[in-house]
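Some structures to go through are shown next.
Presented sequentially are two complexes of chain A, the first with chain B as partner and the second with chain C.
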Partner chain A sequence: MHLPGGHTLVTALVSGALLGGLFAVTALGLSLALGVMRLINLVHGELVILGAYLGYVLLSELGLDPLVGLLVVAPALALVAYPLHRGLLLPLVGKGQEAPLLTTFGLAVIGQNLFIQLFHADTRSLSRSYATAPIGLGGYEVPAIYAISFAVALVVVGSVHLLVQRTGVGREIRAASEDPGAAAVLGVDIGRVYARTYALGAACAGVGGVLVGLAFAFMPTTGTGYLLTGFAVVVLGGLGSVLGTLIGGIGLGVIESVGGAVFGDGYRDFIGLVVFLAFLALRPQGVLGRAER
Partner chain B sequence: MSVDTARPGATTGAAGIAASGRGGRGARVRWAGALLAAVALLALAPSYTGDYAQQVSFRIFEYAALGQAWNLLAGYGGMVSLGSAAFIGIGEYTTAELTNHGMPLVPGMLVSGLFAAAFATAVSPALFRLRGLYFTIGTLALAEALRLFMVNYNGLGGNIGIFLKSAAPTTAGLYWLSLGVAAAATGLVLLVLRTRLTISLRAVRDDEDVARQMGLVSFRTKLFAFTFAAFLMGVVGGLQAGKLSQIEPYGAFGLQWTVDIVTVVLIGGLATTGGPLIGAVFTVALAELLSGSPELHLAITGAIVIVVVRLAPQGLWGLLSRAGQWGRPGRARRRPDPEGAP
Partner chain C sequence: MRIGARQVAVVAVLVLLATGCGKDGTSAADSEIVIGASIPLSGPLAGFGSFQRWGYQHAVDQVNQAGGLRVGDSRRNVRLILLDDKTDPNTTSSNTDTLISRNKAAALLGSCTPSLVVAGAVVADRNRVPMVTGCAPLQAFKSVKRWQYVWDVFFDEPDLAEAPFKTLQGAGVRTNNKVAIVHDNGPDGAVVGGQLWPMLAERYGYTVVSKQSFPVDNTQFNSLISNAKATGADVFLIDAVTPQAVTIRKQMASAGYNPQVIVAEKGAEPVQFAQALGNLADGVIVGGYWDSSFPYPGAAQLRQAFERETKQTYSQHIADSYAAAQILLDAIGAAGSTDATKINDAIGRTDKTYVVGPVKFDDQHTSKLPIAELQWQGGQTKVVWPNERKTGNLLFPAS
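Our next item is the complex of A and B:
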């Protein structure tokens, strides 16, 4: 452990906060599933990585730039996720919490091994020259992709927030989240709302995956890490809160980045998890306040 | 809005307990007899089988023991932990350190179990503040945090791990040792399931708040199940270390352990006495059949898990006991019927 100088520390703060945008996007779907339908979606990490692989295929086969490819990846993920939910998860609604949890567990195992079958266990990335180039922000240099992904995060989180708060679809989502029984009585098709929410979350996960591929390397098993980061973001930002996801993402990004600067880069994820666990244990009402009376 | 922590069909829990109480003695004698006979038969096997069969059996026995531990915790206790790898890893490292310092393997395994149980006790105040789904997330995060720590921390070999100095037992020796561990784990879990403690365990599982109001000490009940499972997992970790010449954090604390244990128990039958055994046989046999393409095997396993969760919540054991009328009518009701959702 060493205390870094002021400049290093501020750079870590800035890049951590920007990286928080990426965390927020990869966590948003998890937050929606947890907040709206009380589902621990263990296959979420694989959805993120599916997005990364889709971006990879679009880039290598069609030469489509990953940032343009987002327009293909997001709907594609939604199209994959919607029938998945209707076919496998919806029939389990009302059968306790374990059955859906374990179903997504099975899906995660399938997903990871499908990736290995299709893409082998190699490490890949979406290498673009603009992503790795450093840019200066008020005298502090950060990788450009951090700033790009933060901008994408603002757009994605902002759109989902508006969708949930300002549209008819969003009103149904909020109603189903507050009280599924009452919403159903008032004519909300809960199954459709859940499946739509799930698909929306998957689309966000896909966007997150492309950003992950641009910023870092990924392989078939990388998803589990983003599942855990996602939980940390959701817990820090508040369950089911769309804007909270952005705050939680930035919080986690800063914690990991500064922690990495102090304790060494290998400890980044470890510190993130420890803070997450401490938060979970010391402030369960932060999470459970809404979830459990 | 509230998360529905009450398990569906909580009322059938009482009937199940009554049923198991009624049939207690006969079932106990039958189980103990069957277990002893099976162990005696299996103990003779190395005289008639080759190394391959013994190595496969070693894995079956490991998973059977791990499955018994996790089944007690998750199946009967309702604490769906995804942190099994932490306790196995602790067991592996403890045994490696101890045997390297001259302790024989078997005492090393037992101390490893105690170490894992001590770790479980240490983290329980924090983990038990989390209920239901949050407990699951917490255990997953805890195990991953421990793995990342072991990869980065240089005191215990860092990402290279530890080389074991003492020679591993023979294949037959490992076979017998693992048979003993699996039999002991099964026997101990069956014993626990016959005590009063299991009643409080199921009561806490079905509705923790009501159980508390009725004067059951939910914390102590959960702590027992959690540390007991951790002990068994630590012992199996020690056993695994006994087989290896080098242990490293990616394998010892790997998520694959957690994943395997959940699949073994789910496929065998959650909250059934024989589920972990039959699940271990099935999953290891499937892995051997498809050993040419491990990814395909795991993908198929995942698909089987999904089908089992949907169509056969009591797993293979449930299907078999229904088909073979293995149990009396009361036995089938031990686990609250998941179909009876409110």
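Our next item is the complex of A and C:
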């Protein structure tokens, strides 16, 4: 352990907060699935990486910039996820936690193997000049892709928040989340709401995947790491809370980044998991879990 | 006790089945020789595994196309069974057990990197099944145990660690002589990055201003890079697997850290490194033990065959895997039998120049390959050291 200088510490803080935006987008779908459907979606990491691979295909085959490609990737993921939920997960609603847990685990394994078959097991990355450029923010130099990710996160989280809070679809989602039985009695098609929520979460995961591909490297098995990060973000922010996910993402980004600066990058995940466990023990509902639910 | 017709029929069928199975098994064993390998076809080391698969299969295919392997008085086809160890040593161990016990492999070929190779090698050695491997640096291989049935053809870590310094010295380039080191804490990363580089840097007149390590599954490196940048080191030495090396290079650029020399051992070897990074790969140096320009029999043809069949850029891993398979096949032929002890003795007597150069094992079951230094230039690797093997000049500064 060494105490870094003030400049290094502030740089770590700023870049961690910006990176938190990426964490939030990759975790948002997981939070929606947990909060609305009580579904522990173990295939979430693979949905993230599917987004990264779609971004890769659009870039390498069509020359489409990954950020523009988000407009294709997000709906594509939703189109994949909707029938997946209707066909495989909806029949399991009300039949306990184990069946959907095992189903999503199976889907995750299938997903990883499909990636290997389709894209081989090679390391990939979305190579763009802005993905590796630094930018100055108030005298502190941070990766431009972190700032871009944060901006995308604000748009995505803000849009989903407005959708949930201000639209008819959102009202149904909130109703299904609070009391699915009562919502069904009042005419809400719970199955359709769940499938739409799952598709919405997958779309967000796809957006996160593209950002992951731009900022880092990815391969068929990379999704598992983002599933774990997602759980930490959801616990920090509060189950099912859209704005809480953003706060959780930023919190985790800052904790890991500052922790990495103080203890070394090798301790990032360790520190993140310690905070995750501490929150589970002390405030399991997360930062905004109670306030917004 | 009465025995009815039904019981007799059941016993008869069982006897017939047992006889039939035994006959089939004997027939299969007589007609073909089974060789097995557990290699990383998925996971972080898949970039290596894909080349190993081709190298092993190519050697076996050549033998079969020539009418099979001459063993004693007969020619027998060779069947290669490849299992994916998913870059997990535990899976390598269980795969190796499977290859020996279920697939009845007469001999084995190794995985890649010390942790995977050793995981399989320990099982092979315990079961007294001969194994020839590349892809395991010799110091890490030798440090595990006194091997009886496992043989390693690869480079020696001290040679690899010293090559960047010799390259810079040979090219006569000038830096501020400050070195920053980041390395994973795996077996070879800890040796090369943790021990050898700091020692050699001092010997060559450099000052190590930063030395940091990280777990082999780490995904973010901002703090490491920030610390290295803060030291102003002109020479940045990285020892990491490919996914990490790609992320480190990207994060170096996004942090505005542009050292004059970038060395990325391990991770920068496969072509996937350059494919993932594009122009950012240019200038990155990595140790190598083979290039198709080396004056060894079949070197150029091996590259041509690979690129013709796969339409991909070759990697040096096609050479050590191809050579390992050839050494094993030659030994089986020389043994004139699939008896494990005879094959093992024949491997130990190997004294021949293969596509990777001369191979002759020492008493610790290792045969050393000389090191060259490669540099990515325009999506291709160029040999930039030693001078007698150069195919390009050192790109300096790297970034």
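The rule is short, and it goes like this: the second predicted complex is superposed on the first by the 284 of 293 C-alpha atoms of A that agree within 3 Å, B and C clash if a C-alpha of one lies under 4 Å from a C-alpha of the other, contacts with A are read in each partner's own complex, and residues count from 1 in each chain.
Here, contacts are C-beta pairs under 8 Å (C-beta built on N, C-alpha and C of every residue); 3 or more make two chains touch, one makes a residue touch a chain.
Note that this is a predicted model, so its numbers are computed, not measured.
S.K.: Answer with first, second, both or neither: which of chain B and chain C does A:Tyr140 touch in the superposed model?
M.R.: neither
S.K.: First (chain B), second (chain C), both or neither: which does A:Gln117 touch?
M.R.: First partner only.
S.K.: Applying the touch criterion given at the start, work out whether A:Gly266 contacts chain B, chain C, both or neither, answering first, second, both or neither.
M.R.: both
S.K.: If we overlay the two complexes on their shared chain A, which of chain B and chain C does A:Ile40 touch? Say first, second, both or neither.
M.R.: First partner only.
S.K.: Should A:Thr132 be classified as contacting the first partner (chain B), the second (chain C), both, or neither?
M.R.: The answer is second: A:Thr132 touches chain C but not chain B.
S.K.: For A:Ser257, select first, second, both or neither according to whether it touches chain B, chain C, the two together, or no partner.
M.R.: Second partner only, chain C.
S.K.: Intersection of chain A residues contacting chain B with those contacting chain C?
M.R.: Of chain A, residues 112, 116, 225, 264, 266, 269 contact chain B in one complex and chain C in the other.
S.K.: So in the complex, the part of chain C that touches chain A is made up of which residues?
M.R.: 40-44, 46-47, 49-50, 86, 185, 212-215, 217-224, 226-227, 230, 242-244, 246-247, 250-251, 253-256, 270, 272-273, 275-278, 280
S.K.: Any idea which chain A residues touch chain B in the complex?
M.R.: Listed in rising order, the residues are 34, 38, 40, 88, 91-92, 94-99, 101-103, 105-110, 112-114, 116-117, 177-179, 224-225, 228, 231-232, 264, 266-267, 269-270, 273-274, 276-277, 280-281, 284, 287-288, 290-293.
S.K.: Spell out the part of chain A that touches chain C in their complex, as residue ranges.
M.R.: Per the stated touch rule, the residues are 4-5, 8, 11-12, 15, 19, 112, 116, 120-125, 127, 131-134, 141, 143-146, 215-222, 225, 256-257, 260-261, 264-266, 268-269.
S.K.: Tell me, which parts of chain B touch chain A in their complex?
M.R.: It is residues 1-5, 7-8, 80, 126-127, 129-134, 136-138, 140-142, 144-145, 148-149, 151-152, 255, 259, 262-263, 266, 295-296, 298-299, 301-306, 309-310, 313, 338-339, 341-342 of chain B that touch chain A.
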